[in-house]
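One chain, chain A, links the two complexes that follow: it is found with chain B in the first and with chain C in the second.
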Partner chain A sequence: MMPTLDFRRDHLFVAVLALLVIVGFFLPSWMRFLIQTAMASGLVALGVMLQMRAGLVSFGQGLFFCIGGYAVGLLAAKAGITDVALLLPAAALAALVIGLVLGLLLSRYREIFYAMLTLAVSMILYGLLVKAASLGSTDGFNIPAVSYFGFVPDQAARPDWSYALTGVVVLAGCLGALAYLRSGAGAMLDAVRENEIRLSYLGTSPRVLVFVVYAVAAVLSGLGGGLWAISSGHVDPEMTYWTTSGQFVFVALLAGRGSVVAPVMAYFLLELLRTYALDIAPNAWQLILGSAMLAVIVLLPRGLWSLVARART
Partner chain B sequence: MSAPLFRTIGLEKTFGGVVAAKDISIDVMSGERIAIIGSNGAGKTTFVNMVTGYLTPSAGQILFDGHDITGLDPRQTAQAGIRRSFQIAQVFAEMTVLENMLIALIAGQDGRPSARAAITPERIDIARSALDRFGLSVIADTPAGTLPQGTRKQLDIAMAAVGDPRLVLLDEPTSGVSADEKMAMMDTAIAPLDASGATILFIEHDMDVVRRYADRVIAFYEGTVLADGNVAVVLEDEKVRKYVIGDSHA
Partner chain C sequence: MKLVAILLDGLNYSAWLFLVAVGLTLIYGVMRILNIAHGAFYAIGAYVCASALGLYYSAGLPEAGAFLMMGLSALVAGFVVGLLIERVVLRKLYGQDEVIMVLVTYALFLILSDAVKLTWGVESYYVFQPYAYFGYIEFGNLPYQVYDLLVVGLAIVAGIGLWYWLNRTRTGILMTAVVADREVAAAMGVNVTRIFALTFAIGTVLAAVAGAATAPKIAVTPGIGVEVIILAFAVVVIGGLGSIPGAVVGAIFAGYARAICVHVAPQFELFAIYAVMAVVLAIRPHGLFARAEGRKI
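== the complex of A and B ==
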């Protein structure tokens, strides 16, 4: 029962993800870095997935990924603030503020208009960053090594620290998203998708719910961007380019809406697939990606997670 | 002397050149059970849409419990205690019947973001007993989209009844239901609403249903109120018989 709204057991899957994160710590460094960037990006895909529950496709989620990344980058590289205890909250806050302002406008729109507006705003930021020569234009800029609550790990230990930071924040992000989905505002997202008029007549404003989901997704994506910037030590405008946003949508579709960990795990699968596909058939990568998408949409309209959900019941 | 729970004063709605409602002035006392009759296009749904804030009246005023509620939106009228069901059932098709009721409960009480889980064992109990009252328990776990039209309408009414609203407007609760099921349908829908003390306005085409369940009738004709009063009197009214009920009933 309750195939759509029941998230009571999702804590279990976050625990499984936590175990995988710990296992990942002992994997070869290339693989571990793959997991790390996949987790950071997965947080953005999770933001896209939350909006999809309300029937809304954000084709510009890269906007907040980029805002989070540049918030970290600017503070670390230009303002000399290099501690994660300040950088990550700044990434989340910058994304939240922009999200609240844009949310006022976007919460009025639905369907293709929502998709196109989110895309448009993200491309405006892209255009601005490309013009900003002081920020490296299309090349972006590098970010100095960061400290962890005052502690500066030595060169060799840095990857361990940034991996651990990413794991902890992404898990916290998943738990936050889960608490949101289980709250009234989150539980009603499906109702927004299905029948807004009915929902208003029951005493709730669909527009407020859309405003909230947009802001929640913005924060998650801002954190994802901040983590990605810390992990890679670099930011560039590509973070808010439409192909990046498209990838978040791709992963959210691939994953399905059934669990908060699904987009994170799906992002890792995608990165793995990409790595091996590029190795084995460098010119067929797009072909493989497209076929995978086609297969999921046709065979598993509720995404890969429906395989897990089916195994459960 | 008690004031009316609900009153409309000179309510009017025009769509471009079409006058869908004109000079509708009605007083409704608490606890009344009123049938609204009128042929298709008479303006019945438009009236319900104005009262619930889906449409803004072109002129006139709506008072509920002494407050002016003209111009409020559906969310606000719902919060004020006015709920409705729909001519074509409006349910969340992909959700189960129980989930539909849970959403109805949450939407009325818990719209703000909070850290608390919305679907609690208590809420599930409340939703289940509400389904029980409307005779829908056995299909609690059925997706609403797979239900026959009549059952879907019952769910729609059950959702409208959540939170014990003071005024419930039912738009053609028995349309799309087979003739021999109409009475049973009204029995299951009206009894729990009555028990909660709700004032009920229902739009109805079947005069047998009207006679059995209403204690007052308002007849609409071309956007105006043709007659308003005691059931027997209105149904015997010459103009009502001619313009609303039609010759087939004469």
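== the complex of A and C ==
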């Protein structure tokens, strides 16, 4: 039995990420935008990673990504509320409420059934959204420019502000996830994965633990979706399509379960790879992605982060 | 009138769903692999069929023979690709966690989708001739394509054939033994790896046949496998993963749910199938036909 990775020194890596975010501020704008969307999506992958610690693979995390995005989009475009101080909490709250309701049902399931049912609920939302003509069906809709705690940046300064916002929220999300993983409920996720029945013999309810991790992941993913919507200025049903969810799973797998910053960084790697791959061989992008995925599964079953972890010891 | 339309559409759609889903459930039942790449095999079947038909028609051979060509192309394509994937990739990964195998087949799905794009390009293929060949018959005053009814026949033949093979032939019975207990079957001298290879190849043939049967009805374009796979998932999950009677019932549930929606409330068409799946799972967590399993300590 390999020792489980612990998170005692993970704060250090969050600090490293914070440093990288600051460095990113001075990079060319296309690169900075790449980092920004990667961070927003990375937060969703972090949600998938948390569930993976309990041995559960959510093949429908796009659901909460989409709920967060649409919560922001609907408030900004339809209700005229355009301040991030309200938009992001709304995204998190919407994801939390749906997460709590669905969590009641989903916490009964394990293994492949958990994967299937999370997939099913995300596809239900997709099925509804593509038929919702008032929300632009498959095209989705655009989101107006947002204000920051009452301050409205001018056109030129907008990318700076949304980048800063994304950086701050994602770092906070990482710290939150870290605090959760170091709490009792978070630490016991490993036990859920290793042996659930022994856990219940010891007087703990695995079901409650799964319920909590599902809700925590929902909130992180909702925030990620909200940030992504603000960054890109657009939402569409593709956010909850199964291929989007598959990408989050891929990134979580690529990153491994060893650190809360790993999914965010792995997402950046993916986006970078995608940018160049689409340039060089536009029709072979999925081929590259799939091959990389197989390579990780075979060669690095504990993800890229295991390289970092190995270098540390 | 509407009722007749619902009945016929439901029947047709159920048959199609069964064809698409039965290979998936067979592979899961025997190998415990939830094969996302199934969608890619479906697409490959459709493409190979479209290409083969294109060649066939341009050679000016009798039109009726095209159906033989469809069947043959699907059989060969499914068997070759399935066996290749099983030998080259999957064989090395047996014994991994079920969830990891889902990710492996997801990776295969991505790779194969692009392989299809690189082989056939991104433009659409149309082979409508077989669809139009039989013309239509009228139910009351509702015209209905005969081809669609033949798909129902194909699904029934596939279902009965599979049942016969699993229950009445030696290889089939060995396969059921592997399903019941892999280790004991191996200990009794059943060549489990051979059974696995055969199962996977048959599963992919079924996917390719479904693709070939659908090719004349659609524009064969990149991305046709993406939607199919999640529909097939819904069907097998409703019926219970790995159960062939389950696939029949799941296909009928999902097929009629969609047919009713299309005629009564079209805006809920896609939603209906997943809603049925979610409801069934909420009541019977492991699907309608799942066997009870003890918890291992």
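Worth pointing out:
Assume the second predicted complex is superposed on the first by the 309 of 313 C-alpha atoms of A that agree within 3 Å, B and C clash if a C-alpha of one lies under 4 Å from a C-alpha of the other, contacts with A are read in each partner's own complex, and residues count from 1 in each chain.
As a convention for this text, a residue touches a chain if its C-beta (ideal position, glycine included) is under 8 Å from a C-beta of that chain, and two chains touch if they have at least 3 such contacts.
Every value quoted in this text rests on a predicted model; they were computed, and no experiment measured them.
Counted by residues of chain A touched, the larger count belongs to C, out of chain B and chain C. In the superposition on chain A, contact of A:R198 is made with both chain B and chain C. In the superposed pair of complexes, A:Y180 makes contact with chain B only, with no contact to chain C. Shared-chain residue A:M188: touches chain B; no touch with chain C.
When both complexes are overlaid on chain A, the residue A:L128 reaches chain C alone and has no touch with chain B.
In the superposed model, A:A85 makes contact with neither chain B nor chain C.
After overlaying the two complexes on the shared chain, residue contacts for A:L27 are found with neither chain B nor chain C. In the three-chain superposition model, chain A touches both chain B and chain C at residues 195, 197-198.
Residues of chain A that touch chain B in their complex: 1-6, 8, 179-180, 182-188, 190-191, 194-195, 197-205, 208-209, 212, 216.
Taken together, the chain A residues at the contact with chain C in this complex read 55, 57, 59, 105, 108-109, 111-113, 115-117, 119-121, 123-124, 126-128, 130-131, 195, 197-198, 242-243, 246, 249-250, 253, 283-287, 289-291, 293-294, 297-298, 301.
Here chain C touches chain A in the complex through residues 34, 89, 92-93, 96, 98-100, 102-104, 106-111, 113-115, 117-118, 122, 226, 230, 233-234, 237, 241, 267-275, 277-278, 281-282, 285-286, 295-297, going by the rule given at the top. The residues of chain B lying in touch with chain A in their complex are 52, 54, 73-75, 78-79, 83-84, 90-96, 98-99, 102-104, 106-119, 140-141, 159-160, 162-163.
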